[in-house]
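Have a look at this one.
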Amino acid sequence: METVNILIEALPYIKKFHHKKVMIKYGGHAMIDSDAMSSTARDTVLLKYVGMEPMVVHGGGPEISRSMSKLGKEPKFIGGLRITDSETMDIVKMVLVGKINTDIVSKVCLHGGKGIGISGKDNQLIKANKKAPHVMVDNSTGEEITVDLGLVGEIESVNTEIMEMLAENNYIPIVSPIGVDEVGNTLNLNADTVAGDIAAKMEAEKLIILTDVPGILEDPKDPETLIKKVKVDEIKDLIDNGIVKDGMIPKVLTCVNAVENGVKSAHIIDGRIKHSVLLEIFTTKGIGTMITK
Amino acid sequence: METVNILIEALPYIKKFHHKKVMIKYGGHAMIDSDAMSSTARDTVLLKYVGMEPMVVHGGGPEISRSMSKLGKEPKFIGGLRITDSETMDIVKMVLVGKINTDIVSKVCLHGGKGIGISGKDNQLIKANKKAPHVMVDNSTGEEITVDLGLVGEIESVNTEIMEMLAENNYIPIVSPIGVDEVGNTLNLNADTVAGDIAAKMEAEKLIILTDVPGILEDPKDPETLIKKVKVDEIKDLIDNGIVKDGMIPKVLTCVNAVENGVKSAHIIDGRIKHSVLLEIFTTKGIGTMITK
Amino acid sequence: METVNILIEALPYIKKFHHKKVMIKYGGHAMIDSDAMSSTARDTVLLKYVGMEPMVVHGGGPEISRSMSKLGKEPKFIGGLRITDSETMDIVKMVLVGKINTDIVSKVCLHGGKGIGISGKDNQLIKANKKAPHVMVDNSTGEEITVDLGLVGEIESVNTEIMEMLAENNYIPIVSPIGVDEVGNTLNLNADTVAGDIAAKMEAEKLIILTDVPGILEDPKDPETLIKKVKVDEIKDLIDNGIVKDGMIPKVLTCVNAVENGVKSAHIIDGRIKHSVLLEIFTTKGIGTMITK
Amino acid sequence: METVNILIEALPYIKKFHHKKVMIKYGGHAMIDSDAMSSTARDTVLLKYVGMEPMVVHGGGPEISRSMSKLGKEPKFIGGLRITDSETMDIVKMVLVGKINTDIVSKVCLHGGKGIGISGKDNQLIKANKKAPHVMVDNSTGEEITVDLGLVGEIESVNTEIMEMLAENNYIPIVSPIGVDEVGNTLNLNADTVAGDIAAKMEAEKLIILTDVPGILEDPKDPETLIKKVKVDEIKDLIDNGIVKDGMIPKVLTCVNAVENGVKSAHIIDGRIKHSVLLEIFTTKGIGTMITK
Amino acid sequence: METVNILIEALPYIKKFHHKKVMIKYGGHAMIDSDAMSSTARDTVLLKYVGMEPMVVHGGGPEISRSMSKLGKEPKFIGGLRITDSETMDIVKMVLVGKINTDIVSKVCLHGGKGIGISGKDNQLIKANKKAPHVMVDNSTGEEITVDLGLVGEIESVNTEIMEMLAENNYIPIVSPIGVDEVGNTLNLNADTVAGDIAAKMEAEKLIILTDVPGILEDPKDPETLIKKVKVDEIKDLIDNGIVKDGMIPKVLTCVNAVENGVKSAHIIDGRIKHSVLLEIFTTKGIGTMITK
Amino acid sequence: METVNILIEALPYIKKFHHKKVMIKYGGHAMIDSDAMSSTARDTVLLKYVGMEPMVVHGGGPEISRSMSKLGKEPKFIGGLRITDSETMDIVKMVLVGKINTDIVSKVCLHGGKGIGISGKDNQLIKANKKAPHVMVDNSTGEEITVDLGLVGEIESVNTEIMEMLAENNYIPIVSPIGVDEVGNTLNLNADTVAGDIAAKMEAEKLIILTDVPGILEDPKDPETLIKKVKVDEIKDLIDNGIVKDGMIPKVLTCVNAVENGVKSAHIIDGRIKHSVLLEIFTTKGIGTMITK
């Protein structure tokens, strides 16, 4: 009986988002183990069955670092970006495309979705350029130091031809965040940005980023201070006064960019909470921070 | 949270019946007032939104009798069938097509469904022949008495062209149970039979008949004796030993006929229970009697 | 031989109106009895077979009044509009949708057309608002008297989705002139206005209104004074100088409105003449008054 | 008024042949001059406008002979077949494809049809083989004489791909009766046979052959003895007892063959009568001889 | 091995022109005999098989003059235009449509293309008007002499409906350069102009005109002085200083007109060279003169 | 000029294989380095551009072994099959899907093809079961020893839904040879078998297996003894008399199986020869061994 009452309660949300595209960025806890991944995949498939059109972009930083360590290579970061030499790029591709992506595809298919894995290289879905070197200042000498990031890329353009075909044929695409430059080199991309840019190009209704925090907190130590809704033009203040800081800054800016380019709302939610995606979509209050125009 | 857990629990049923047609016969309590009708309509719309293809046939006996009384005409029945003279047929059409059907369409549309009312006359959806006269034996004399039933029909054929068009275009058809003979006369039809025959012709997954009893009961006074599942070849015994009797016989035979002509399962359920349709579809146990091959 | 010569003569008109939509408002004598209705329906079907796309809106005032009388209710009008309480609205629906509409559908199907009955409630084809109360002045006192018209509506918008589907699938739609407000109430509408608004929204070539007069007459007593053609900008003068008056005014204004919103020509013709629709379309002179831009 | 009554009378025939294919063989008087051709073309276009799908094959013997004479070549026939050397074949092509076909196309287009001329060579519509030599017996010597017919062909197969495309796109195809052998030679074909074979392959409802006689006559001198209907299995007798003889034999056998291969009825009618095609289709009696199974 | 290396070398051109339309004007040597025509047709078919969409317009002046002579009619020209009386027009049609066109169709089909012949009369592909009379000055008297050209036309409009249908269905259309005026008269048209106008209307990538000269030569006696590329705005100078003169002027102006109306490049090439069309398309240098914006 | 002559020579082959599917198994030398892979990819793209529909399955054994070694894992084989524990399976997936597949996709896209990488897990393209353990006999003791192969699979079924979608949309699919069992485990599959089974299911015209030998040699030391054509029913003899032996046996049996299940011809060719695929398809003699029914 309860089942039924709740379906009835969910009906308005189901109606509201019928045939709407939803881009979900899998990250952090939601991918921590096979069970978490399975649960996230099941939620994604459910969205499909109640009429939405989910798309997935996944990350994979920790697993890449683990694989590098196994191979005796030390992961190096600068300004939050992984320095990616050619050998590292091979590991990145293998872990993202060969391991994480195929694992998600497996889960999605097991739960009844038509999962298909693609990467930014397929039909040159994501064209990218090598990122400019990172510039730092040596505090002691005041000298500028320029660090080449290697095969790290910035998105130049998204060719959604494959995505359109998959949407029309009821597939759930799982996208690995790598791109290709004009001579065919593979470039390592930021997964949040990939999710945001594809969401915008596909005119998604929602971009949902799964993280390991509750959302934007006024006081990072107090989950009660969660900001539930924020407009894109209020974001600058939140950054200026330090409420949004560190690793949250690029995530929030990705959201702002997506919303400014056509996505109706972007959501930063806590992937550690079970069924967080569904809670965000099917309840009035939601559970994380929603960013809108 | 509960909402979400329950959606997750409903997922297997949603998957199982994705893109499957479900014919629902509205009758009895489910149509007793505006609220009951609204609730039934909302459940029907929900089926559509989670991917099924609901179709509706409605009855309307009590309302027809009320209208006749208002006009000073006494309703007459013989063998459970309404004797339908030409004037009565006009009242039947006006009540079924003009009142009940438009009311259901209203509710379905208000809940977000694309409701559309049709009758067996539209594009000659249901071709029917006048039913043979009813023959009775006068107990005192032993004489046979033949009673002409007037404009009461038996279905000859169902032309699903309209139904197919509506299904392809995502409408929820609401069908009034009248038919047309070859010279254009309107004939009064049994609504259960109309539901069953259209369900069979449309290769529906389920035929669900809303009644005012819990289903088939071994002991009609004890709801605890509900028979949850029965095979079509067990029905004869149930009738022979009097467990299925009176008005339940034609309903059950309609179910048998539907199942033998392609419907996967037929359900007799209690329309007095709120959300009975959803309970029957989305719970393992169901709430009424299911008849299968 | 004659048959053939005449087909040859009709060819230019058949070509001219090939694949063009024609909205016909059935009213008055054309619906007076089963034979008249059958004849009008056959003409409509013929239009379909020679390549046009006919649509029908029907009225039904006299029949509604008769049904009310039978039920002991006295029909009341004010300013030409029926005061429609809730009980009256039920009778209106029953007569229009349940009786007249199904009768026309029967005739159309018998003559080989794919007739289908719909009302303004199906998929909320016609959204309407309750009409403002009628304001009169009491001559003796000079006081303003406000009379609530009840469930009488004014068209807010026409959603032609169903009409488009039916046109694509070669159906002849028969539309009952009722609408629905935003909470699902049924509203009584003027049939001429419904015909005109749907014609405009569907970009019909012609709107043909069947009446019981020959058209606009300079001298209402002399049929020889029929005005065969008139431009929309000449209408005001005709009203001002009293040539168009009384019940003809709203009909003519409906025509003007239709023509100003995309219909190529509107025709007021005499439904008492046999095959008047065909005579108007397939002869050079026509038989009624044509209103164009 | 008459116009309209007659349209109404034609309605049953229009309905009966709606969307049915009709192959018309233009020959004899129907092509004798520009006016006759124009009239025949207009009738053909009318069929299209009232919903049929006409196709045309034309002959052209007299015109070919005239052109040969102008060029100082004497036309020679044997057993009714034109002996066709290479130079003659060029004249045949030029007259049929370049002159007669383009003239018919002009007329059809002028009357509002989408005429398009094709020949059996287009996309190898008609593959043909060289006909075996004609064998005669020299009465005086009793010797067999073998006469090579030159580029005269027998139809091997019909590839209706073009015809299907044209039908789907509402064109009226005008076909010149020439074929192509496997090395690309053009072969002269019998126009009646081409009409019959294409009609059969396209599953036409009717094959109508325009000739200069009223049909099959019991007594060739008495038009009153016209046989209006005949079954294919009665034809042999008609030939055996000499009622069908000479040039009528191949025409009748073409009809038999067409009917046995899927055409519903074949008609031999008098092209000298104005509008003969329409008279045959739109009147109960018809005007010529109808051959059916 | 060579075969394969060359296919590899051709790949960039094949890619570049994939699914691009190419209009080829057959003229001069390329049509001089059956072998030349066969070779040109095979090249055209090859374009189709490697993914382009070739269209053909053919000329036929010399053959028309030959046929006129056979019939004892003397061909007359004025200002490069054939004076075309009614009898001449018949010969023009017969030769172009009945002979040359069917011959090309044969060759195209033999090489595996889906050739289909059409003329400007089919579905009124090319509407034309009678050309104004030619005006000359009598040198001796200074008087103006006006010469009526007869049935010579100027293109008024191109209706590409047939061309679009044929392109979608993978046919190779072979077009005869005649047009039709508004009353159905056939008019004789310049084949280069027809090719150019259809190319522009169909948004062709290339217009290739096969001639009997190498292209535009700075010194007409020295093939080494071939101008390989020229812009449309440089053409005027070439004409003014006499490099482009006589019969080359209208060809060049046709190219200019085509390029200014949407064709990417127009090519005047030497049809006497074997496979000239392929050499122009599949080699970097090409062999003739290319005119671009 | 040569270019053009050779295109003309290739035309019959291009026509013959137009719109035909060709499955190419990339293996051995053809994938040995970036240049070899690029060349093979370019040949594949060329097939697409001249109208064929190429599909690719790739192997990757040596690269997998190299990656295992880097990670300190020793590759173990038994009966030619890699013993695949869970950790090895991860490496297999990462190398095949993450590295080799993405590299091929890059090359195909760079040469202008719409390359897209998929694996047997996408939408459960390849369902597989765990292979039965390998059974050996200990020569010294005569005892049977059973060795579990781990995650090595046998194909149960191929679901070509994705392949059909990609073919319709002009993609070149690159398939990694892994499968999925019914609980979602990834299984290691033989790449030749995957190529053969997909080719059969897709009704490919050709299956081409790139190896490092010239084909089937009568005398393995003498390339001059190459068997150019062999029928499937002659294969048993070749195996029985030892001409086909060792690693060639499964390849040949894969070919036999493919041909018996609908592939027109299977080819074992030498991937060390440049453009071997094109040489096999576009030359009369071919360069390897062709197996047909």
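Lettered A, B, C, D, E and F in written order, each chain numbered from 1.
In the analysis below, a contact is a pair of C-beta atoms (placed from the backbone, for glycine too) under 8 Å apart; a residue touches a chain by one contact, two chains touch by 3 or more.
Please read all numbers here as calculations on a predicted model, not as lab measurements.
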What are the chains that chain E and chain F both touch? none
When chain D touches chain E, do the two copies use mostly the same residue numbers, with over half shared, or different ones? same
So which pair out of D-E, E-F or A-F basically repeats C-D, with more than half the contacts the same? E-F
In terms of CA centroid distance, which chain is the most far removed from chain C? F
So what angle, to the nearest 5 degrees, turns chain A so that its CA atoms land on those of chain E? 120
Go ahead and note the Å separation of the Cα centroids belonging to chain D and chain F. 57
For the pair chain B and chain C, the C-alpha centroid-to-centroid distance in angstrom is 35
Check: chain E positions touching at least 2 other chains come out as none
Draw the chains as dots and join the ones that touch; what shape do you get: line, ring, star, complete or other? ring
Per the touch rule above, chain C residues touching chain D in the complex are 1-11, 14-15, 18, 42-43, 45-46, 49-51, 111-112, 275, 278-279, 282-283
Quick one: in the complex, what on chain E touches chain D? 70-71, 90, 93-99, 101-102, 105-107, 109-110, 114-119, 121-124, 162, 165, 169, 171, 178, 180, 183-184, 186
